[in-house]
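Structure incoming, see below.
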Amino acid sequence: MKKKEQAVILSQEKIGSDVYSMWLKVTFAKECRPGQFISLYSKDGSRVLPRPISLCEIDREKGTLRLVYRTVGAGTNEFAKLTQGDTIEVMGPLGNGFPLEEAAGRKVFLMGGGIGIPPMLQTAKELQAEKQIIAGYRDELFLTEEMKANGTLYIATEDGSAGTTGNVLDAIRENALEADVIFACGPTPMLRAIKAYAQEKNIPCWISMEEKMACGIGACLACVCQSKEVDDHSHVHNKRICKDGPVFLASEVEL
Amino acid sequence: MKKKEQAVILSQEKIGSDVYSMWLKVTFAKECRPGQFISLYSKDGSRVLPRPISLCEIDREKGTLRLVYRTVGAGTNEFAKLTQGDTIEVMGPLGNGFPLEEAAGRKVFLMGGGIGIPPMLQTAKELQAEKQIIAGYRDELFLTEEMKANGTLYIATEDGSAGTTGNVLDAIRENALEADVIFACGPTPMLRAIKAYAQEKNIPCWISMEEKMACGIGACLACVCQSKEVDDHSHVHNKRICKDGPVFLASEVEL
Amino acid sequence: MNTKVNIAGVELKNPVMTASGTFGSGEEYSEFVDLSKLGAVVTKGVANVPWSGNPTPRIAETYGGMINAIGLQNPGIEVFCKRDIPFLRQHDTRIIVNVCGHAEEEYLAVVERLAEEDIDMMEINISCPNVNANFLAFGQDPKKVEELTAKIKKAAKQPVIMKLTPNVTDITEIAKAAEAGGADAVSLINTLTGMKIDINRRTFAVANKTGGMSGPAVKPVAVRMVYQVAQAIKLPIIGMGGIATWEDAIEFILAGATAVSVGTANFYNPYATVEIAEGIEAYMKKNKVEDLRELIGAVR
Amino acid sequence: MNTKVNIAGVELKNPVMTASGTFGSGEEYSEFVDLSKLGAVVTKGVANVPWSGNPTPRIAETYGGMINAIGLQNPGIEVFCKRDIPFLRQHDTRIIVNVCGHAEEEYLAVVERLAEEDIDMMEINISCPNVNANFLAFGQDPKKVEELTAKIKKAAKQPVIMKLTPNVTDITEIAKAAEAGGADAVSLINTLTGMKIDINRRTFAVANKTGGMSGPAVKPVAVRMVYQVAQAIKLPIIGMGGIATWEDAIEFILAGATAVSVGTANFYNPYATVEIAEGIEAYMKKNKVEDLRELIGAVR
């Protein structure tokens, strides 16, 4: 069951020039799945909408969640200032998560671009499969050690400072990699390219999408993406990213 | 010169069930006078107006100010949560302060009612005169030790738990006190009664008034009180409490 | 102690309802609150046929609120009647169906279709762009409001609430038109038209360029309009616009609202509706208010 | 790099001005900012004779803003001309005098009195209650706006800015009326009419019952109206309503404003005006904008 509650910050660490890693204590960690997200709320009353952040790691034993996020605006900059013992309002678990069963035992690409990399960590940790993790960065690397511990890691950087110069697809080509299933998260242009690649190779591909959100639970219809088929809930060609997603079969959505 | 700046909280102490005492480090303490006030600003962007609070003590050497305030709403409750090392936006010094020169060497009443008591402390500390401090409380006492150290203290409580049962005027009567000058701060009904008393006794009386404020510096005309004569600035019968006051000669304003 | 209020003969157990479009048909929020504790659930606007709504981004945060241009996406009245009404009927709350349309015929089609359905009231959203009047809203023209209200009343089997837009010079003129047309109640305010520009991307923050502003930021405008309308007409008023706490709800009731709707606040506090209902009760107890109706319009 | 803008032949060194009524005649804020760094100072509204204004409380805080009902207290045009104009003239900034009145004659008396004065422009506040029209504001009636503008233009020796109220169904209709009347520029928005009720005292938070809402909360309405007016008329627009940061100012300029006014923000940041002027310059440098005028109305 979804909850909105006061979470306690267990630790906060800067892991890049504008990337932060935060562990939170929540009551609902047991129910969380990789690829899901939670909404974070500002303490400043002038900001009323949630900031959705993906689960990077889930420790169900300890009841804790790890978030890795980039500071891009007022909300994330506020969160970055929180320290151990502080609290923050959160709602979760939200969304569907990656369908691990579709990839279990198979040869898989776990592809993350930029701040789309974090959800791939818990996905890698839980997935029993031949995991090829392909992480695309602009320049600075983060989370690479954790990724290596949970699969074979391939890196691409736009500035060529590490791994393949270019994007995640360049890394696949350079290393002549292959897979039966793809899980991906990252900026829309990257997802679009991955979708095309999967179509070409004729392999199933799940992608995690983003849109501005208000309710985070499927009630307000703010966060839709276009679906190929008439959607069962909306009865139009719209799916709700917060509830029906954020993970969709790439062939079922328009990008 | 007035400044708006980030002040540092040096200490915060609860001195009554809803009364707090806070010492702040500011750059403008040297320029502050008793009876003046500063504006405090909320960290929450949904609250844009200042909270004016009187100076209770001024330590010009250390560059610090003491505020004593009651938690009545969102702003004061926010301030009460601040602790040593935290910062708060303040603007000051504001207003005119008590005209100490009018009372120097004379027999004076320093009358404070409720949360109007705090400004009387610094006034008493600086005033060279025969000081009779008359403090009226609902029930709980605060600041009494400090007051005693700076004059002869008479207490009135509404519930009769200490001193005279009743208000500050009852305390004057019960103790058969007399004065040549009055300085007073407190709720409007109290000020009104003191004004009448002063008129009857034909002694000069200065009162510190309150009104909702926006600019705090005399620009917006939010905080006016009615003046007997056409005011020099406004050219109507209005004086600005934040700039021309908060201290007025009682005979010059309508209550 | 009585918290019940009556709108056009329909008794609500308490004055707290949901604002259309912010609460779906209740299902999603039923994970957070017991719908049976609400006076009524007002559903997302529904049209005669499915509407796809606007392109994304559909919302943007603004200072103390948000703007939205969802574009009234809805699955159409048929699906709605089969799926959403039976779901809501499982709960002990009133069902108010919000109706939208681009033209008179579209409104009437929905209203007629609802005649046989087990719902308690309907709320007519007249802020929809009127395709027959250059996309100005129906609700900005008193003549249109009176006409549309009269036609809907003729077709409707359940009490009709006309939902007013605040984007007008004189809200009382529109309220009077709704009253003259025979409305059973009015609700206000719908969203204030606003715009946000993203200075980095140098484009509009919502794809539709303009959007409807809601949330705590708009409350003073809403309270003012509720008050003005309460002085101008005799119909019960459902107040909304920025209600997030029980204090806000009491403010609207004192201004003249018989019931209140909670919208944007659900997004940041999914428990808001029930907390407000409980807060009103606590306030009444503390202030020894025997009957909530004593408070309605008590500040004049 | 050029930050200068031109309004009706008057060149401002930068587009940042003060919003009438929030900055007095500049004296009080000159303790915080160097007035010579501002494009213009717009003074508090002045009438032909002194006005006492409304009883207190005159203001109340609202979510993300405030409401005020100062009631246009002012010392009258004589004192103003003798005291405030000479003070402002000591600074290297433009002087824009905001004018108010209850009736046509009152406006005209002020405008005529200003003819001989050394001021740069005047801004006509047409949100004042019109005593000859049941206290509805002049600015809510396009016919009245056109008439009044034409008469003022005839009497005025300096360029005339008509200041529009947002409390109307269609702001473009009012803007067009001002243009038709011969205005040199328009400024918008004045305050949104709002109300706050104090639920503890069970009375209105401001003595006047209603007040004008301002501050960051109203910005989306203001940006929308500036954008709409920019599409509807050819006159330069002075944008305002909730501007508190340079980002806000750029947003208004992209929407179509040639200059911007900072109002309520002064109250919580007395340095706001100069910080905004500096922020705009920094933004231009960073984004290699050679001429500020490239940004005016750039988002469409």
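Going in written order, the chains are labelled A, B, C and D, and every chain counts its residues from 1.
As a working rule, contacts are C-beta pairs under 8 Å (C-beta built on N, C-alpha and C of every residue); 3 or more make two chains touch, one makes a residue touch a chain.
As the structure is a computational prediction, the values presented were derived from the model and not from experiment.
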| item | value |
| --- | --- |
| Chains touching both chain A and chain B | C, D |
| Chain at maximum distance from chain B, centres defined as averaged CA atoms | A |
| Mean-CA-position distance for chain D and chain B (Å) | 35 |
| Computed distance of Cα centres, chain C from chain B, in Å | 47 |
| Chain centre separation in whole Å, for chain D relative to chain C (CA means) | 34 |
| Shared-contact residues (touching 2 or more other chains) in chain D | 63-65, 216 |
| Multi-partner residues of chain A (each touching 2 or more other chains) | 45-47 |
| Chain-level touch network, classified as line, ring, star, complete or other | complete |
| Parts of chain A lying in touch with chain D, wherever the complex brings them together | 45-46 |
| Complex interface listing, chain B residues touching chain A | 43-47 |
| Residues of chain B defined as touching chain D within the complex | 1-2, 4, 41, 45-50, 91, 211-225, 233-238, 243 |
| Footprint of chain C on chain D - complex, ascending | 62-65, 67, 136, 140, 167-170, 192-197, 199, 202-204, 209-211, 213, 216-221, 223-224, 227, 242, 247, 250-251, 254-255, 298-299 |
| Interface residues, chain D side, partner chain A - complex | 63-64, 216 |
